[in-house]
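Presented sequentially are two complexes of subunit A, the first with subunit B as partner and the second with subunit C.
Entry: the complex of A and B
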């Protein structure tokens, strides 16, 4: 029995469907049940949360969590589907400390909000960047530039006049 | 004021006999640049000493220690024993831009790094040169269509030599260094400072 099936057996109410994706067992979880399911996943021995991804499907977002168990050498992927208007899921920082930066990255690039995250600010792009670049509706036509302010902080602007040599 | 006396017997072909000291000097052909206006007090002359300066500069180009992405790995390769840029007197990668006169922009210039690269360049004392290494630093390269990468470092700082490649082989670096030395050899500082007519 693979871990996704095991999870479905333990929490039948939380799991929407299971399957295999890229040779990894995968389970789609109800959004409200994410924390419960994650708790179970941790109890099953998945001690490493290796990556969190957000995918824009135009009408909805998908948040993918990839887990690994060092003891069992097993992979497991969890998926949560959120709506496109206001994508919000629960933060897993209370269970895996490593979720902190991964969730910040997903927030930065895809714009998924993680409820309960201790410090949900951008991690790669500077504060003030307009839009989330890995969304399909990100505006690629307005170029944004970064300059350094008086106190060393990053300032985002769209004209770049004090950075570029010529326009 | 007569700054230099010259041996007029050495001057062979004179169309109009030089009268003033300045005319005599210009006539020798030894002077590449005469700077000061005639009506000013005294004269500032730049002669073939330019060549000496240029020779000194091109023989000890000190690059600033800065690498931005994968191309910087190749920079380490070019500095190591096999390709050995110590042959050009440039093995000393300076950790401070104040002591460097060459910048390899080795790698992807991201939007966030761009003002820092510019600051680094501005901190370097004149005269200074820039080599843009790889497709990224030249044009944005594989990230040309990206939201986060500057489309060529020449948008923010002047570049002397571009090296294509992703990453360029160390041989290409050596070729670029030779090209830059050639360029420095032919530089005239009087002209660069704009004092010369």
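Entry: the complex of A and C
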């Protein structure tokens, strides 16, 4: 029995479907049950949260969590599907400290909000950046200019008015 | 006595941050109370670029993630594509890939140890490290014409077969390195100042390291016996004899020692691979057959179409890069370009642990601990 089947057996209400992602077992989880399922996954021995990926499918978002178990040497992927209007999922920072930056990055680039994250601010792009670049509808034609303000904070503009120009 | 807390910005242009990284430090006297890394100065939007380039066009961009060890980056992306499309690779090409990747591991650790020692104030090691690295880079130049950004590993094989005179020169390099590593150990290992700076500095327990998602030499320095080459053998690592280097002390010194031990293992692997490498033999691709007009198949690269469309699907594939676990999450929608490329870079995830490691230490200790984490900012910011 692979870990996805095991999870379905333990939490039949949380798992929507199970499948295989090339060679790794994968389970699709209900959005509301993510924290429960993650807790169960951690109890099952999956102690390494390898990566969090957010994918924009135009009409919905998918958030994929890839886990690995050091003891059992097994892989497991969890997938959560959210709506496109207001993508929100629960934060896993209470279970894995490593989720902190991975969630911030997903928020920054894909624009998925993680409820319960202690410090959900942009990590790679400066504060005030307009849009989330990895969304398919991101406006790539508008240039954005960044400079450092007097207090050390980042200032973003779309017309370059904040930049110091040589006369 | 009443004291005030002081905010110090270390970086983004600080010699010890190995690139453009900023630490915001809240100091109480000389003691670090809080450390907040500020990233993004080298963010180039590689993941977005991945969605706009074809699969073959994206390979050169992977070189520029971790530019100290570019070959494993090439391979990690190519491996994901190969898993997605089910492409078989000629055995000789797999051998060449392992040679290049293990050589890159030696190069990476030389730079890592060299720059660590220089940050601590000992300039000898970086001179020595770069002297040996130069020999390795010349080997790469023979192989593919480039010294740092290779674009050498392709889906289905490698770009060219190894040139004449490469193997003797590689053997020379291995023989030379074995002696050099002894020199390094004599110079550094028991140096009193070095040990005072490294021992019990930046301690992170195995549980914490796992919880933070640390991988690679930093995890093995905390006593976790874990190496993807052993756990999920890819390429030809299943047939290669090597041991996983583990230290149990959990401190900076342990992480340094893991790197020294790993260099020795790399040389051992290189010797084996060179000895057992199969002969060159022209192969055809079971999937795409013999080339119709151009792009003659060779012993290491069967004919591979330039416009290449893998079937729709998604894959997460990871390898043991010199800095840790490097993964690519590739989603294909059946067109010529990936729908989504996500890069799980080892430097980014290892850096997560720094704020927890350095609270209560002094700034010079932050430099020592940070040096042994071994990050490259191209890999952190992507």
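Basically, the second predicted complex is superposed on the first by the 160 of 167 C-alpha atoms of A that agree within 3 Å, B and C clash if a C-alpha of one lies under 4 Å from a C-alpha of the other, contacts with A are read in each partner's own complex, and residues count from 1 in each chain.
As a working rule, a residue touches a chain if its C-beta (ideal position, glycine included) is under 8 Å from a C-beta of that chain, and two chains touch if they have at least 3 such contacts.
All of these numbers come straight from a predicted model, not from anything done at the bench.
Chemist: If we overlay the two complexes on their shared chain A, which of subunit B and subunit C does A:125 touch? Say first, second, both or neither.
Modeler: both
Chemist: Examine A:133 and indicate which partner it touches, taking first as subunit B and second as subunit C; both and neither are also allowed.
Modeler: After superposition on chain A, A:133 lies in contact with both partners, subunit B and subunit C.
Chemist: Where does A:64 make contact in the superposed view: on subunit B (first), on subunit C (second), on both, or on neither?
Modeler: Touch partner of A:64: subunit C, not subunit B.
Chemist: Which holds for A:163: it touches subunit B only (first), subunit C only (second), both, or neither?
Modeler: first
Chemist: Going by the contact rule set out at the top, does A:49 touch subunit B (first), subunit C (second), both, or neither?
Modeler: A:49 contacts subunit C only, not subunit B.
Chemist: Looking at A:77 after the superposition, I want to know if it touches subunit B, subunit C, both of them or none. Which is it: first, second, both, neither?
Modeler: It touches subunit C, and subunit B stays clear.
Chemist: With the two structures laid over each other on chain A, which partner does A:145 touch: subunit B (first), subunit C (second), both, or neither?
Modeler: first
Chemist: Look at A:100 in the shared chain and tell me whether it touches subunit B only, subunit C only, both, or neither; answer first, second, both or neither.
Modeler: second
Chemist: Between subunit C and subunit B, which one touches more residues of subunit A when both complexes sit on the common chain A?
Modeler: C
Chemist: Go through subunit A and flag every residue that touches subunit B in one model and subunit C in the other.
Modeler: Dual-contact residues (subunit A): 125-126, 133, 138.
Chemist: For subunit B, which residues count as touching subunit A in their complex?
Modeler: It comes out as residues 111-112, 114-116, 118-119, 145, 147-148, 154-158.
Chemist: Along subunit A, where are the residues that touch subunit B in the complex?
Modeler: 125-126, 133, 138, 140, 144-148, 154, 163-166
Chemist: Please output the residues of subunit C touching subunit A within their complex, sorted ascending.
Modeler: It comes out as residues 9, 39-40, 43, 45, 47-48, 51, 83-84, 208, 210-214, 224, 226, 231-232, 313-318, 325, 327, 329, 331, 339-340, 342, 344, 348-349, 351-352, 356, 381-382.
Chemist: Considering the complex alone, what residue numbers of subunit A touch subunit C?
Modeler: For this pair, the touching residues of subunit A are 21-24, 47-51, 53, 55-56, 64, 66, 70, 73, 77, 96-98, 100-102, 105, 109, 122-126, 133-134, 138, 152.
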